[in-house]
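For reference, chains read A, B, C and D in written order, and residue numbers begin at 1 within each chain.
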Amino acid sequence: MNKIKCLDHGFVKLIDHMGDDQAVVQAARVSYGDGTKTATKDRGLIRYLMRHRHTSPFEMVSFKFHCKMPIFIARQWVRHRTASINEISGRYSILPEEQYVPEKNHLAYQSTDNKQGRSDENIPQDVLNKTIDSINDGFKAANRAYHSMLDDNIAREIARISLPLSQYTEWYWKMDLHNLLHFLQLRLHAHAQYEIRVFAEAIMELIKPIVPISYEAFDDYILNSHTFSGAEMSILRGFLKERLHELPTEHPSISKRELQSFKRILEDG
Amino acid sequence: MNKIKCLDHGFVKLIDHMGDDQAVVQAARVSYGDGTKTATKDRGLIRYLMRHRHTSPFEMVSFKFHCKMPIFIARQWVRHRTASINEISGRYSILPEEQYVPEKNHLAYQSTDNKQGRSDENIPQDVLNKTIDSINDGFKAANRAYHSMLDDNIAREIARISLPLSQYTEWYWKMDLHNLLHFLQLRLHAHAQYEIRVFAEAIMELIKPIVPISYEAFDDYILNSHTFSGAEMSILRGFLKERLHELPTEHPSISKRELQSFKRILEDG
Amino acid sequence: MNKIKCLDHGFVKLIDHMGDDQAVVQAARVSYGDGTKTATKDRGLIRYLMRHRHTSPFEMVSFKFHCKMPIFIARQWVRHRTASINEISGRYSILPEEQYVPEKNHLAYQSTDNKQGRSDENIPQDVLNKTIDSINDGFKAANRAYHSMLDDNIAREIARISLPLSQYTEWYWKMDLHNLLHFLQLRLHAHAQYEIRVFAEAIMELIKPIVPISYEAFDDYILNSHTFSGAEMSILRGFLKERLHELPTEHPSISKRELQSFKRILEDG
Amino acid sequence: MNKIKCLDHGFVKLIDHMGDDQAVVQAARVSYGDGTKTATKDRGLIRYLMRHRHTSPFEMVSFKFHCKMPIFIARQWVRHRTASINEISGRYSILPEEQYVPEKNHLAYQSTDNKQGRSDENIPQDVLNKTIDSINDGFKAANRAYHSMLDDNIAREIARISLPLSQYTEWYWKMDLHNLLHFLQLRLHAHAQYEIRVFAEAIMELIKPIVPISYEAFDDYILNSHTFSGAEMSILRGFLKERLHELPTEHPSISKRELQSFKRILEDG
């Protein structure tokens, strides 16, 4: 299954890819010449590269997707400049009458503490209904304007300016693994708009089986990591200085060597 | 005057720039070490660089603009990936009720020979009126939906999806001269959509006084140039072979050396 | 055969690729929506894209190579910034005693008219011998210094600074087709240094069977094309104005439509 | 003072720049529309942007340097692909007899634990002397070969292949602030080769007075930050869970709000 439905009319479909975890290893090994060669160390090497942000070997893997999404999402997506994109053109083609209408459980009030986000507060049923009606009324009028112009043979590049930002568009999108993981880091984030997170999760599901070790390393060292500022580190160090010996001496998912380096960091930076 | 009004609500404003023609020369000269040094040869050097597509010295000049344009134009513009952009966010801010309505003399029928363009055919007055009415009706409905949601305190990132592609947005946009000239080459082209050509022309007017020699060279060697394919060149050569001596031996805006190279190209490639 | 020997110790090996001519077509078609669909028109579409410099569909194809080349060539090569690269590191690895020594028939005097190139003038045998001796003497001394330091366990990152620019290095190099063709355009050019042309030709040979139609279009519309400046076009137009009817009305490798557009260009731009 | 000497023959000279801290603020503000306007909040805004990796406003500032460095350093430097570069060409110019010779106190043994680095172990005086002699002998032979070929009028592009990697080269180098800070993060790092750190420190000194607030934020949130993996965070959280109330409730260089978010992170992620 290489196609995942997203929102009401959208999807992400994996069209092709070049390379996998093995391609990351192969590229990294050229840097080390004769240095490391044991095949069993591949997983360790990938995790080492991710942990230390040696990003270039991850560029050696490429993915190509066919995606369909609302234009307001495409506008966030396109800001990732390292991608190659071919998008349907509203200058050439008549765009289908497909516009995103949120499900009621994804409508939300403006957040008060996060100026760009959604509140968790419940919305009464009548406000939900009114909102959906507003959206649908707007879309109907937009489609009426668009098709009225098309019927009069007005140029498509003009007619389409009446279509709403929720209009679906589609594109081919190619990205290398390093930049794709960076895309996921930003777009899987809780502060990303819900609608783009849906697409980021679909992409994640599609690439995970192809680069399982790289993805796991990304999950451990990037997605679930946390970065403390210099000041925060000084608080942590001040507090833990006398208590380092109380920290566990082993951990199921962390190597002895990493555990030592972890303590050294807490000791003195 | 560093700000030019574009369309009904838009503008391009030059905010800052780094370097000018002299910066192009300075960077090119480092490549040639002690080779060329005479200050009077600057113009010749710039023209040589442009003619032979030695593009890197033109990257040494940067321009920063504040621009305001309809979203359907911003979507074409953003595809130039070497720019730095900061755009107003409809997730944070309430967007003003500003949407592009074309002037009647820029409305046009769909072109029949150019699938993405406008026809030159005249549109009867009643169709013009009807089109403008359609556009305005669509916008009114969109604004009604947007403000109805904002009034109910629906999250801005949701409410804005009803706004049309003609909604104005604004951004800071930074580009180096080489990539800016490439942008102009594509967006001043007769096949570019009229509305983005308006912005490209504004940008051209703003940079010309800062890099007059580079711009003139761009005009001569790129904008007004023409590229013939291998087959077209073989036709030209076949036809001119016996007639080369009839070609002029001088030309007001072309050096002796360039004229020789021109004939040599026509002779044998 | 996916590996081509280059110079005395170098090579280019095609490791992997994603997509072919069909991938170019597939990506371009999404832009035109339902517009063009006939499978037999693929060749025409690719040639149209190349001719009009619609470059983005060519980005959808990727190639990955393993290359080995002298460092002075790698330094020219790396200036193509859209590539992904993993290079062997002289900080980690002991570099093999492999340095480029030109064959005698590729030694040349400094050109007098092209400040960066080679003259065609013959070099007497004794100068050839002396030159090869000079090169070999330099390399021997460099290797002696390098290995003397390695023998004393001096850090590799220091020892390697004595190695010459002719030292071979190797890397994995990934590039999309659009940028690869631009690389070829510059590096197959007669003014490119001979040694990098050897590598460009090897790359060309390796990709041609994978994207034969795209490559042929590149050959016709880019490699063998010629661009005339505005002034040169005005000479051509002035001369041909009265003689357009004498131009051939058909040509084996040019369509009727292209021939018409060719004449229109010569008529009035 | 805008020029800093580096190593024995190198330097970094700040040639020009566009924008400063204020340009970062100006670009960020456009994203927030009418949201934030108080001039006194500029410092807070810049720190917020840096802390949350909102990188695009930092791209709005550009710096241009003239640099001179050994080629083995230029080869590391050029891997930062977002820069614009014009480098002196050994095909055109005769390169001066300037090659880097390390000072004795920067010679070092190969590190045993860090495969790409230098050991701290002392080197006996006689080995130091022998190493410097080896380096100088290699350079003398290389220069002899180079000048012997130049004397015979062999093409410069051939003659220069005998020059060592320690040969000095120079270039103009332009970079935006965001990418420049990333360059500094990597090249000021203790694991970067000593010789490039010298240049990174010079660049840092030159930009600090121009963007003091951005640099301070970079220092606090990037340079002195530390990133813990998911597993490390779970150890920290497990250990601190019962002890959060023992953490300080204020800190001289950290706001109340940041302190709260710091504790929340330690509580539950």
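Assume a contact is a pair of C-beta atoms (placed from the backbone, for glycine too) under 8 Å apart; a residue touches a chain by one contact, two chains touch by 3 or more.
Computed from a prediction, not measured in an experiment: that's the story for all the values here.
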Interface residue identity across copies subunit A, subunit D - same or different by half: same
Result of counting contacting C-beta pairs for C-D and A-C, higher pair: C-D
Centroid distance [mean C-alpha coordinates] between subunit C and subunit A, Å: 35
Cα-centroid distance, subunit A relative to subunit D, in whole angstrom: 29
Centre-of-Cα separation between subunit D and subunit C, whole angstrom: 31
Interface hub residues of subunit B, defined as touching at least two other chains: 32, 35, 85, 89, 92, 115
Touch list for subunit C against partner subunit D, complex: 70-72, 74-75, 78-79, 81-82, 85, 89-92, 100, 102, 107-111, 115-119, 123, 127, 130-131, 134-135, 137-142, 144-146, 148-149, 152-158, 160-167, 193
In the complex with subunit A, residue positions of subunit C that touch it: 15-19, 23, 26-28, 30-35, 56-57, 59-60, 62, 64, 66, 84-89, 92-95, 170-172, 174, 176
Residue ranges of subunit A touching subunit D (in the complex, touch as defined): 32, 35, 51, 115, 219-221, 223-236, 238-239, 243, 246-248, 251, 253-254, 258, 262, 265, 269
